[in-house]
Structure formats: C-alpha cells, structure tokens
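Below are two complexes that have chain A in common, paired first with chain B and then with chain C.
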Partner chain A sequence: MALSTDSAMTSPVANPMIPVPWRVQKARRETRDTFTLTLRPANGEPLPAFAPGQFNMLYLFGVGEVAISISGDPADQENLVHTIRAVGTVTRPMQRLKRGAVLGVRGPFGSPWPVEEAEGNDVVIVAGGLGLAPLRPALYRLLAHRQQYGRIVLLYGARTPRDLLYQRSLDQWQTRSGIEVAYTVDAAAEDWRGNVGVVTTLISKARFDPVHTTAMICGPEVMMRYVIMELEKLGVTDENIFISMERNMKCAIGFCGHCQFGPTFVCKDGPVFRYDRIEPFFKLRGV
Partner chain B sequence: MAEESNNLPSVTYTLEREHLHQLFDVLTGKGYRLLGPAVRDGAIVYDELTAPSDLPVGWTDEQDGGRYRLKKRADDAVFGFVVGPHSWKKFLHPPALRLWQLRREGDGFTVIQEEAESPKYAFIGVRACELHAIAIQDKVFLESKYIDPMYKIRREGCFIVAVNCGQAGGTCFCVSMNTGPRATSGFDLALTEAMEGERHYFVVEVGSPAGADALSEISHRESQADEETTAERIVADTARQMGREMDATGIKELLYRNYEHPRWNDVASRCLTCANCTMVCPTCFCATVEDVTDLAGDTAERWRKWDSCFTLDFSYVHGGSVRATTKDRYRQWMTHKLATWFDQFGSSGCVGCGRCITWCPVAIDITEEVRAIRETESKKDSAGD
Partner chain C sequence: METLERLIEEHPFCHGMEKGYLELLVGCASNARFDAGQYVFRQGEEANHFYLVRHGKVAIEIHAQERGAIILQTVGEGDVIGWSWLVPPHRWMFDARAVEQTRAIALDGECLRRKCEEDHNLGYELLKRFAYLMAKRMEAARLQLINIHGPLD
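Moving on, here comes the complex of A and B:
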C-alpha cells in the first residue's frame, strides 16, 4: 500500500547522503601524526551552525569518508576546523592535503556538550589524547561566556610530551583565561618537568565543587571509565557527567546500524551522552 | 488470536481463481512492475511476474531449523506455501545500491544528478508478518530523524496485494509476535485463498482507495456469508498450526536483565557467524558503504551494500573491533531484534517469520534461545534496570 503522505514526507528534503565541497584554507601539523584542517565552503555556501561536540563526515574524493569532530570555535562564522589523526585508508592521505585542496563535507551531526545547561556550575573537562579536539569548541564557548560559570578546570592526558595537542592554547588558557589547566603524559624523557601519569591522577588535585559540577569527558573508553569512577568518588552525580562515545560509522544519519551502542545510535543520539542514561550499557563489554 | 479472526471488515468480495489474471493485467496496465513468489533453484523466491502461471501453483514448502524443501501439493493452490529466503526488503532496500555519483571538476567536484522516479512496484502475495516488517523498515528509513530518499522513492509508489496465510510453516511464530497470520493493515488488497471441492476462489478485502480502484476493474462480486466464514476459518486454522512459539511477555526487560547470561556462550559455541540470519531477516537493515572511482579517477561513486553485525569489521574502530567475540555479536543481533529495537523504533524488530531459523546452517533457533534464557535466568540483574 502506498505511503500515507503527510507533509513531512512529501516536502522536498535535501539529500543528507551527498557530500558538499569545502576547500582547505589552512593545513597545520599538530603532532607527528595529527593535523588540523581549516575549511571554507568551495561553493560560497554559508557555514552551517554547529554546536560544540558535533561532528562532520569528511570525504576524500574516491577514497572514502570518516567521522571527524569539529574542533574549532563555534563563534567563528567563516571556518570549519577539524583535527585529525592519520591512522588509515582515509585519514593518511588526508594528512597530505594542502591549502586549496577540496574535501567533501556532510554535517553537522550528533548531540552537543551541555554548555548552556552547565551555566552556573563549575565545569570540569577531562580529555585523553585526541579527545581534546571535540572538547575544544566547548572550551571556546565557556571562555566566551566566562562569567556564566564557576570554576573551569581542564585536565588533559597524552602519551608523550610530543603528543600534546594545541600546546600554545594550553599555555595561554593556563595563564590568561581564568581556567585551571593541568596536563600529564604517560611517559617522558628525563628533561620533562611536567606531570607523568594517567589523567585520573589530576582529578583529586583540581579545585571544584563536586556537587555543583558539570563534567565533560572524551577519550578512550577505559580512560573514561576511570575518570567517571574518580568523579563519582568525589561526589559528582551521574546526571552531571557527560561523555562522548566513538563507534564505527558508515552514514551518520541512523541508517547503516554500525554505530549502535545498546539501544542508542551514537551518530544521532550521541556522540555526547549524559552518563546516567547509558550507564548500564557503558559498564558492559562487547556491546 | 481470537479477536484477529473475528474482525473481518463488513464487506468482502469474491474473486474467482479463473479471474486472478485480471488483477495482473489491471496492475500491469496501470504501469506497475509486478513482483512476487516464483520457484527458482529449489526455493520460492521473489522475482518478476507477468501472469498467475508464474506463481508457485501447486507447490508448498517444508521448513524446520536449518531445513527447507519444496514439495508438490495434492491441489492447485496458488499461495499454498509460506515465506522463503527472500523478503521484500530486496526491492525497497536493495542489497547493493548506488547512493550517488560525483564528477571531478577543476580541483573540486559536482553531483551528477540522477533521475528520481518511482519504480512503481506491485508486490503480489505479501504475508501478514511481512507487512509488519515493511512497516518496521518504514520507521527506520522514513520516520526517524532523517529520511532516506532512496527508500522513499521505492516505497512511495508501492501497490501491495497481501495474502492471508492458509497454512503455517514449520518455523513460523507470527501469532507469538502478534503480526499474523491475518493481514490487518498496510495493504491495498488482501486475499484469502479458498478451495472447496470444485470451487477455487479468493475472498478479497480492500485496504485503500487504490485497492478499491484496482478491484473495480476486475470481475468480482460481494462475498456470500458462507464464503466469509470459510475465509475466517482458514486463517483461524493457520493460527493454530504455528511451527514455533515464543513467549514475548516482557521480552525487552528479560534480555536487558540477561546481558551476562551463560546461554550467550552456549549459542556462541554453535554459531558460525555466517550472517545468513541477518541476510534473510526482513527487518535487518544494516549496510556498509563502498567508495569507488572509475579508472581515470574522474567519477566517484558511493555504493550501499547490506552488511551484518555478525562480521568482525562491522564494529571496527581504530585499535580493534568493539564486538570481538561471537558471543558479543550473537548477543548484539538477538538483543537488537527483541530488546533495543523497542527503544529505538517503538516495536519488536522480530516479526516471527522464522526465516533465521530455517536458513541457519546449524539450526540455531531464536525462539529456543529466548526460552533457554527465560527458563534459566538468575534474578541477578544487568543492563537496563
């Protein structure tokens, strides 16, 4: 039987599957395997508004498509910024892109960090490795509305000093922005004067009021597990903990099924989840 | 279901077997491409049809766990079988489909516009469980956050001739899932095939204006009371013959409580992760994409192909697969069908068609797996509480 045709179904919908061309404005090396691309629309289309925590699907002509978080400032009306680690078929050739090259973009997709809901609270941001990239837009937003928040704490862990992302910004934030920044590395040479150890060791030293804190966490799942345990121990409630999940993604629009995580689709229900809503599934392995 | 067999609409019509070809002619005349059951290589599959003689007249199927066999019937029944390895998803959500084509232009690219015309499918012989399966995929592709334009264009122009089952298969359990054996909605016309002595006819229900319109061009008359009674009895008899049964009460909660049940290890020791179950399932919708270029590298295409949660690649993220073991993957599949689907799309993802049981090479039986978990669950809880 033919479909019932209510207006939502018959109104012309832009095809959410087709990439739109964007041009590389700037390609910047961050670390030995990580780089940041600044993109502008190749066809003069306006930048779609995005919220901190959302991601795009980036397409390399003929090669393939990958999910990459937006890592730029949400207030920037001109540029779309992505920080990418070169790991495989698509991201390795992306590392070789120069200014002027064209990429396909679909998005933005997914759920945002609760930057507005966190107003009035202390905010604790915990990032592991590349997990800092999707958190950076949230930091920009917090800093732009600094007076709306209590204490802001950024705790960041990387493998080695050479893997620390956004070094310059880290130092600037630490000295000038009224946020407490602490970072640590898993391993370093003798001359490293900073912290060594996992990021969880920074939590108990940070100053914030656990009862009035919103926590935003992004990093490998094991790291997030330990961070959550540590925060819970201090009295941060699960409703105030937000984590960003990663799953294989082939469509970003709820059709391919690859990103399922328990009852959720990470692409459309996530990637940012309020922890209490997924807690039983997050505790299981192989889901 | 008692109430299922008692609520036939007040007016039904009778179409004589000898006039069935008129339905084919009328639909063909209206520009539809007719698709339906046909015998191919020892199975009843869905394929192009031109006339009723293309249907599996006089054939039936015998099905059990891991077993499917065609057999000649003693009569000339037109729809005297149940469902085979194909489902209608192969037309609405094709196994391989080009999503788009791009042409390189300068250092950028443009979209090669393609015609977006409805293929105007007429599905002949859609069973009640399959109507539910189609409605379930409608939810996935048309009623979620995004609309799939590829599915929409195939689905929108569809004409559906349902058939109420005159017998149940060895692996059927639509009664347990409340999806059959009677078609209650989602069709344009629904037929119940009746054979009494020399008489061979169909009792026809009209489900839409398009159905009424088609019927008006075919020789038919209002059914007599005894014909209606016969049709009701046939469907009621089918409901009593279900080859399988599944207690679906609180099924979502049951599985959410039992993510760590030892039965998952047991079934994992038998499952070959061959993915047959997901391919034959009429609701499984998962797909992957493949990006390709022509030799010169000037045109790029993206293809969408059916995929299965039983493969290791399916859940791969840098560093390894999330569902690394057979246990993880079987649990994902069955828990998706019978639990998480409710949270995602508001219904069960299983319609009780029995295909996954019949086509599993090692006869793993979803009804049996549920029973085993139900009967042996420790009251210790896990996810979803």
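Moving on, here comes the complex of A and C:
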C-alpha cells in the first residue's frame, strides 16, 4: 500500500544513517519555549533540496537525536531552518545553542504536503501551536506560486497570545500577500484585541469552496480530529484532507519500527498522510 | 422596517427561516452600535436582549478579582451573543465588551418570549437554532478546557 503523497520526494543525503555537521548561523527565540535555528553546512556541502512537510534528524553530539520538521523556505539555497520546542533531553540543551555551534543533520526524510497537486484548488491550512512550523514551507511555496491557486486560507490557533509563532509573518501575510489569515488563542487577558476561541471556530467563517479545496492540517491530534470533522461538515472530502503525524523516531528510514502507526511507518510513509488512507487508524485509540 | 428585515434575513442565525417568523422577529428588533470598549452588557444585569452581530468583535469575559478580566471567547460577524434572555432567571452570566466598533441587531427578549408563548411553533424554531448554537459553544468550550496544546509549565 503506497501511503505517501507521491510527488516531489527528494532523496536524502548519501548515507542516511550518518549525520553531516551543520553550523548554527542564527538562533532566535520565538516564544518562551520555542526557538528557531538557522543552519549552514559546516563543510561547505551544498544544501540538499527538501519538499515542504519533510523533516530532518538533528543530532546534538553526545546527547541524542530528534526528528524536527523543516520550517524554512524551500527556495532558500543557503539556510536550513528548524523551529523547535524545548520539551526534554535533547531539545532543552538545544535551546542553549549559540551561533557557531555544530549539530549533526540527517535528512531530509518523509512525505511532503501536496503543494503541486493542490494547484488549481483553494487551499486551507489549519495549524495548532507548533504545527505551524511544518506548514510554513508549504505557505512559502504557495505564495511563490500564488497565481496557481484559488483562495488560500491560513487558520491558526495557539494557547495564548505569547505562544503564537511567527507573529510578524502572520501580520504580514494577513495584510499583503493575497491570503486570508485568521488566528486565535485559547485564553487571553483583557488587552488582547484578537480572537479568543479554539481554531475550529474559525473554519466556518473562512471563505473557500469546499468542493475544490485541499486542506493541510498540523497540530495536536485532538485538534486535527475536530478540524477534520468541521471540514467534512462543510463538504471537503477525505481525499483532499492531508494531515501530518508525529510518532517517536529512531532510524527515520523504515528499519527500526519505532514510528509504526497502524500498518505504516510515519518516517517513510508519512509524516504527511492523505486522510482517507489512514482514517481507520487515526480513529483508533493507542495506535 | 424593510432594511431591518433584510439584515435579519441575511444573518446566518436566521438562514432558511420562514417569512412569517422573520416578520415576528422584526417586530422585536432594533439596530444597535457599540464603540470599542463599550459594554454590551455586564454580568448580573437583567438579560433583556440578544444580539445578531453584523460587524465588529465582542469579547465575552469574566472578571476575576486577582487576574482582572479574562476573555473566554470572542464573537464577530455572523455570530449571536446571549441566550440568557431565554433561560430563567434572565440575567447575564458574563460581561460582553466591544473590542472594536460593533454593529448588531438587538432582539428584545421580553417581546420574543411573549411571542413564543403565543406561537409555540415560533418558540420551537428559535429553540432549535439556539440549541444548535449552545451545542457548538459547548463543544468549543470543552476543547478549550482540555488544553490541547499541552500543560502549562
């Protein structure tokens, strides 16, 4: 069963098990627990091409390796960008890296968002929390080829105003790029002038043609479930809904079985899945 | 009157409503405007109206002594504010404050309650629509409550 979205796969570096050294060019704090690392090859190697939605394995020498989506512009030939939330053993010390530090990188791995297949359609992107990071390369791609799409809608939800990622970009996209942007937070104090409420409440207000829409969703699984229900209610079909899944990873090339999800491996068949192809497992508990 | 009827008919809350019922609503309706910062209503006040929002944004909030106002939800174009007019003791449970200039159609709750008692079909029609709204709100509130973005540090 071929579960990956099939176009635009890029081939990983020569030996996918050996990390290549990359240097931190810039480390930027995004929110209280999230940061963005801009990396450049430490030994001058060319940047491997990646497709929006793919991820790398980042190796913090002597500590461990983690799967992190690429969050930068696929057209950028110089920089590899990752946005990371500091949650544990590897990502917490990673947060302390400064310009000049060296990381090991393996990748890119995994299936991409269907940005080419979506041409001619309206595109609805729904992100929750850090889920905006893997979707940002898709947005860059859509904006670079703006005329090839119908309406483009970005709906984004975060916990509080302080947890909104890329806030400056959000405001720029909202005002100047021909896409409809709406974002909301789950809780806010009195001085907040934006929306409050879960991201699902934005869906019925967005303008798009459900019959000719490709939806791309990334966020906590509960959120994705309710977003899918809302989209289905409006008439978006499961073949046009794509979600990105997260499972613990080790090898990232389909060997170890760590990332198994139903009969699939998230590392090689995903992380981006067409919803109708994984729906039965997505609805099961504890898969 | 005709424009008010058109505005009510165009509001998503009233989509597909029979003409006769729309006319009954118009009899209880008036235009309302709130400037940014102005309260639409405050907790504890008598709930004599509900509002069909046409433009703008209103924050539904609760005031906590220690933390100031906490916004529970914002509502905007196409949304409805308030069902306390329908449920005894007909008092607002929260504050509603316009975050930006807001235009709405105010529906007089007392007037509507009277009409609903006289015409139970109208009452059922309105209840169906409010039940749907309440269910949606409850679903959204539950998702907010479980904190899908993970625990706070």
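The working rule: the second predicted complex is superposed on the first by the 273 of 287 C-alpha atoms of A that agree within 3 Å, B and C clash if a C-alpha of one lies under 4 Å from a C-alpha of the other, contacts with A are read in each partner's own complex, and residues count from 1 in each chain.
In this text, a contact is a pair of C-beta atoms (placed from the backbone, for glycine too) under 8 Å apart; a residue touches a chain by one contact, two chains touch by 3 or more.
Keep in mind that what you see is a predicted model, and the values were worked out from it rather than measured.
Per the definitions stated earlier, placing chain B and chain C onto a shared chain A by superposition produces no clash, and the two fit side by side.
Of the two partner chains placed around the shared chain by superposition, chain C is the only one that A:226 touches, whereas chain B remains out of contact. Look at A:40: by the touch rule set out above, it reaches neither chain B nor chain C. Shared-chain residue A:65: touches chain B; no touch with chain C.
Of the two partner chains, chain C is the only one touched by A:201; chain B is not. In the superposed model, A:256 lies in contact with chain B only, and not with chain C. Contacts of A:187 after superposition: chain C is touched, whereas chain B is not reached. In the superposition on chain A, A:159 makes contact with chain C only, while chain B stays out of contact range. In the superposed pair of complexes, A:280 makes contact with chain B only, with no contact to chain C. Between chain B and chain C, the smallest C-alpha to C-alpha distance in the superposed model amounts to 7 Å. Residues of chain A touching chain B in their complex: 1-3, 5, 9, 13, 15-19, 21, 23, 42, 59, 61-65, 87-88, 100-102, 104, 246-248, 250-251, 253-258, 260, 262-265, 268, 280-281, 283-287. Put simply, chain B touches chain A in their complex at residues 99-100, 102, 104, 107-109, 111, 138, 140-142, 144-149, 152, 155-160, 186-188, 207-208, 210-211, 256, 259-260, 285-289, 291-293, 297, 300, 302, 304, 307, 309, 314-318, 322-325, 327-328, 331-332, 336, 339-340, 343-344, 382-385. On the side of chain A, the complex with chain C involves touching residues 32-33, 128-129, 158-159, 163, 184, 186-190, 192-198, 200-201, 205, 219-220, 222-223, 226.
Residues 57, 59, 61, 67-74, 76-78, 99-100, 139-140, 143-144, 146-150, 152-153 of chain C are the ones touching chain A in the complex.
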